[in-house]
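Same chain, two partners: chain A is paired with chain B first, then with chain C.
== the complex of A and B ==
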């Protein structure tokens, strides 16, 4: 009963789609590292599964995080995803309501209006509900069309440039729902029935067009609808719409604690293919907004990596400021993916290069607190002298970890992809820290901080940024500061400290203990990058300066007397483009210490 | 009545320009923002490559300016220039027939290169500090002792994109050689190291002096920039560098670190340019109309350039330009453009 020849394109498309996707997922999961597989098995019967289901509903269907960024944009994504989902689910319920629990083939649900022509006892409510849902989806399609013309009204300055495959799939997708509307309306015109939308359009068609034309168009329009569906399903796994399904396993795997690794693994497939190329990352990118670099943003990086056409230039032209990852509605681990792409292209360790390690360690002294200034702090010695003043005032026993014998933390090498060389640094420094028996490791450099926390195994050693450490000294009364409301400061959140390590409040607490803090336009998670990031090996100095200038303009616009940051690299970058006083957090602490009686 | 030409700046270029203009029958007016004539050369001790005292250049010029009755106004800063009018910061307007910019350049602020510790640690000096110390005959470390080891670092604030100064400051290489020899004469037992990227000995007698420094004075030249300096407990400075000819990193403790600071464009150039319409080069110096026959002309008619306002130059080159510019002003005023 539920078959007609026009169903063939749909059936073929559906079979190809499910075979392709199933094949891919099985292969990807089979290729996962053993430890990842164990994580899945361990997590399967825990609350992680429930959380994943909830997250799938929120993000894959409702698109809550996009709603938060822009309501209209959220509605567009939600209407397409959730609307279509409801059409399928309610369509199935509708069929069941008519036919009972009897088996109905898939095309029976999808083309129910076609097959329902002969059925007598119409349930009008379902017709209305299905029409309303179709209208819901169509409103999303209309918004998508509108977004092509005026993306600004949906909160997007720039949208993604799509590949040919994407355009083909997109054309099919845009066709599906309008043809469904027309097919169901013509059916209503010829055979009656239909909900409040299709019945009315059908009646109108009857008035305008001759009956013979409508009868003649009836079969072809269902063929067109079936072809649009079939065509979309075949194109889908080879286009950005692969994300529709892939986001779901990604959510589950992420909640089972699978992570992107230093070298590429099968899990990356789920991450890379979950990108919907929505383009939200493009506006966040300062390389785009300030320098007009157009083909390097995360969406394009993932596109190239998916197509195996990634080149060094695209992989390396990124500040790794994390602004895009922060906005990504799918939560893709963009920076880690870029890092392991770089590692795949550039990890060629030179064993002889590190022979100098052997004669390096001239370290002496002890202390519960190890202070690792960081290479960039060595180049901004005002911070060094300020920290020395603070340590002395607090009476802390400090061992200077990288003055005599420490090496670079390794993160600059890691950022360029030289993972193995970076790991040599990690091993060396770890041994050095253990040798001196420190229990707390303080660093002035957020870049070092991030790698200490993520790439070192420093169990038993507490790792602090100097902003956290200074705040502790204040709270425990070891140092006290002179406060005056007349002292005005503005604070720049360094990328690696804020988005990288989640440290936003401590520096602010320290500043407000001294004076008044005026926030710049972009702050906290939305703060801008200073442009001098070690992660970008492509842009020139003058391009770095362009980025830095736009940031200093914002900081200067606050009218604060002193610009404060908490990263030596940011300080250097900002110092290049401002005439105003730019200092590290430790400097304002050192100059505003209350000398003890 | 003879035509009036405003000369902005009373350094050696400004004075020579005014003198040449006067001898051609014009009435020059020197506007100098400081309280004295002589400019940067007045702060210098001996001049390369002949070790001539700087006052042998400045004093005769200042005397000639006085004797020729050239109008000089000290302590007045120019805030705006149009081709036939100059506006001072007091709001006063001075009408004139042409303007010659001889406002020179600014010495790079070494505190911007924080990694060298200038202004943070003792015993880090700039080349200008050394000249002052020589003038005052008080060259010594912060504790007053004679230095035993001195490092001289070239290209501080020049040829350095990191501080937005891409251009070569031209005179610092030979100044480094000159100061090394002077320091060696003062402290014959001291070891002196010059750290350089390239040694550019372009002038007559420069290359000879460079060879002499190595052969006669045993001054060491290390190809590599110093990456950072840090203080030692005893007040000395520890420097880290790479000897790029041997490809090895090195660490050295020195009693004095001398930074060869470069000439950079004046900050004032920006508003002098926007008010006058004379364009600036990307490095912030005033742009010559071309580098050949019109190198003392700005891109705007009636506004002329002489000396380091258009690029770093030696004293001789600046004085030559000053003489040339007077003739070009004369052509402009006598025959029109």
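== the complex of A and C ==
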């Protein structure tokens, strides 16, 4: 009894959808590297699975992280996802309540109001609940329409430009729930029944329209509803709505500790296709807000990569500051994906490159603490002398790794995609550190710090940024500082130190040991990029200055006497655009040391 | 009695821009026109991490490439570690890292 010809579009759409998605997932999982498959098997029966289920409910259904950014935007996503989910689940409970254990085909659940016409003993509570849920979803659709007109009210300065596939799917999606409302209302008008929404609309329709018209519209409107569903299901895997299902396996795989690799792997499919193109990343991007580059943000990068139409310019035009990745509600590993895209375009294995590294070690001396200043720090000699002063004051036994000419850490090459070349630098420097037997490695450059922590295997050597190292010296009493509340500082979080390495508190503790810290408008995880990032090889000098100027304005607006940062590149960039004093963290420490009695 | 200072007088040579094939050079300059504003100050070379360790001379290589003298340029450019110090010092604000990548791209094989 649960069949009528109008169900055909829906049934066809559903079959195509599930066949397409299942085929893709099976292929992607089959293509995973062996070690990734082992991770899945290992993780399957651990708490990771439970955590994933919980995360799926929080993020895929309720969209908690979007709620945290903007309540109205969160409500929009939640009402569409969770509302639709509840419609399906409660609809299933409803049919079970009527039919008991009897098998009801899928279309029977979805179009229950149509098939329920002939059923006696209406359970009115379900009608009301289903109507309330439909209203919940419709409020989300209305908000989505409203967002097209006035995105600002939903906390978004700019929204995503969609592809044609997206627009087709979007049109179907926007049609589904209004047609469902109309179909159920007309059914209520002709045959009675319905909850507090559909029954009332049905009664109103009866008053306005002639009965013959309503009876005539009854079958066609169910046809339209079925076509909207079927059309959406067919368009879905080829549009951004592929994210609806893909986010779920992504959550599980991520909790099983699968990670984006240096070179592209099948796991990237789950990452790339889980992007919902919500566009939250666009507002975070300074290339957009300051320079008006409108087609390079993560959402467009992923769109191009999904369509295999990614070009070098889009891949390279990114500061990799990580502001977008930090906001991404799906938690996509945006920087790593961009890096392996660059590597796919630019990596050149060449055994003969960098042969000059052989027997290059010019460093002298011994010491348990190795100090790797970093290339950029060589251009900020004040940092070098400050570190020397601090080492001497603390009586530390330091070996300078690169004072007389060192090899780059490799991260700049890695950022441009030349992974193999970068790995040669990793080999050279690792051998150098091992040879000198250091147990602690201190660096003044957050760029070096990140690659030392992520790409080097330096087991047994503790890797510290100089802010962490200095704080330790203070806490252990090896150095003491003169404190005065009158000294005011503001601190700029370097991207690679903050979002890149999670180091926010140590520099602040050092600053507050000397004077008063005034936070700028954007700080901690929300801090801005200075614009000189090595990751971007596209923007010009003047564009770098534009980005730096906007940051300088914020820092100067704090009214602090001294601008402090903890990255030589940030210091250089800010130094070009500020009239105020800009110093590295180590400099304020060196000038405020208590000389020993 | 000649003393060996480790230096010698350069052999006289002529770069004939009229006969050199400037196709690659023009490609590079079209992609990054600002390279033409180079004043040859040598700040890039003075600050160079690779130049500190080897005879690699960025100013020399990109100047020769612009004149259509490509021999050995790709191999030389592969000594660069892309650390970016030169870009910070360039008084004309030239995107020097892009220059390196362009020369490698146009004269190399990726």
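Basically, the second predicted complex is superposed on the first by the 588 of 597 C-alpha atoms of A that agree within 3 Å, B and C clash if a C-alpha of one lies under 4 Å from a C-alpha of the other, contacts with A are read in each partner's own complex, and residues count from 1 in each chain.
Here, contacts are C-beta pairs under 8 Å (C-beta built on N, C-alpha and C of every residue); 3 or more make two chains touch, one makes a residue touch a chain.
Everything quoted here is computed from the prediction, not taken from an experiment.
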- [ ] In the superposition on chain A, see if there is space for chain B and chain C together, and answer fit or clash.
- [x] clash
- [ ] For A:379, select first, second, both or neither according to whether it touches chain B, chain C, the two together, or no partner.
- [x] both
Open item on the list: Quick check for you: in the superposed arrangement, does A:370 touch first (chain B), second (chain C), both or neither?
Closed with: neither
Open item on the list: Which partner chains sit in contact with A:195 here, chain B, chain C, both or neither? Use first/second/both/neither.
Closed with: neither
- [ ] Name the chain, either chain B or chain C, that contacts more residues of chain A.
- [x] C
- [ ] Mind working out whether A:542 is in touch with chain B, chain C, both or neither, as first, second, both or neither?
- [x] both
TODO: May I ask you to decide whether A:515 touches chain B, chain C, both, or neither, giving the answer as first, second, both or neither?
DONE: neither
TODO: Run through 5-13, 41-49, 77-85 or 95-103 for chain C and report the one that clashes with chain B in the overlay.
DONE: 41-49
Task: chain A residues contacted in one complex by chain B, in the other by chain C - done: 356, 378-379, 540-542, 572
- [ ] Provide the residue numbers of chain C that touch chain A in the complex, in ascending order.
- [x] 34, 47, 49, 52-54, 78-79, 81-85, 88-90, 93-95, 97-98, 101, 108-110
Open item on the list: Under the stated contact criterion, what part of chain A meets chain B in this complex?
Closed with: 356, 378-382, 384-385, 540-542, 545, 572, 575-576
Task: Complex contact set, residues of chain A against chain C - done: 345-346, 348, 350, 353-354, 356, 360, 375-376, 378-379, 405-408, 410, 412-413, 416, 418, 425, 532, 534, 537-542, 569, 572
Open item on the list: Give the list of chain B residues in touch with chain A in this complex.
Closed with: 112, 114-115, 117, 120-121, 161-164, 227-228, 230, 249
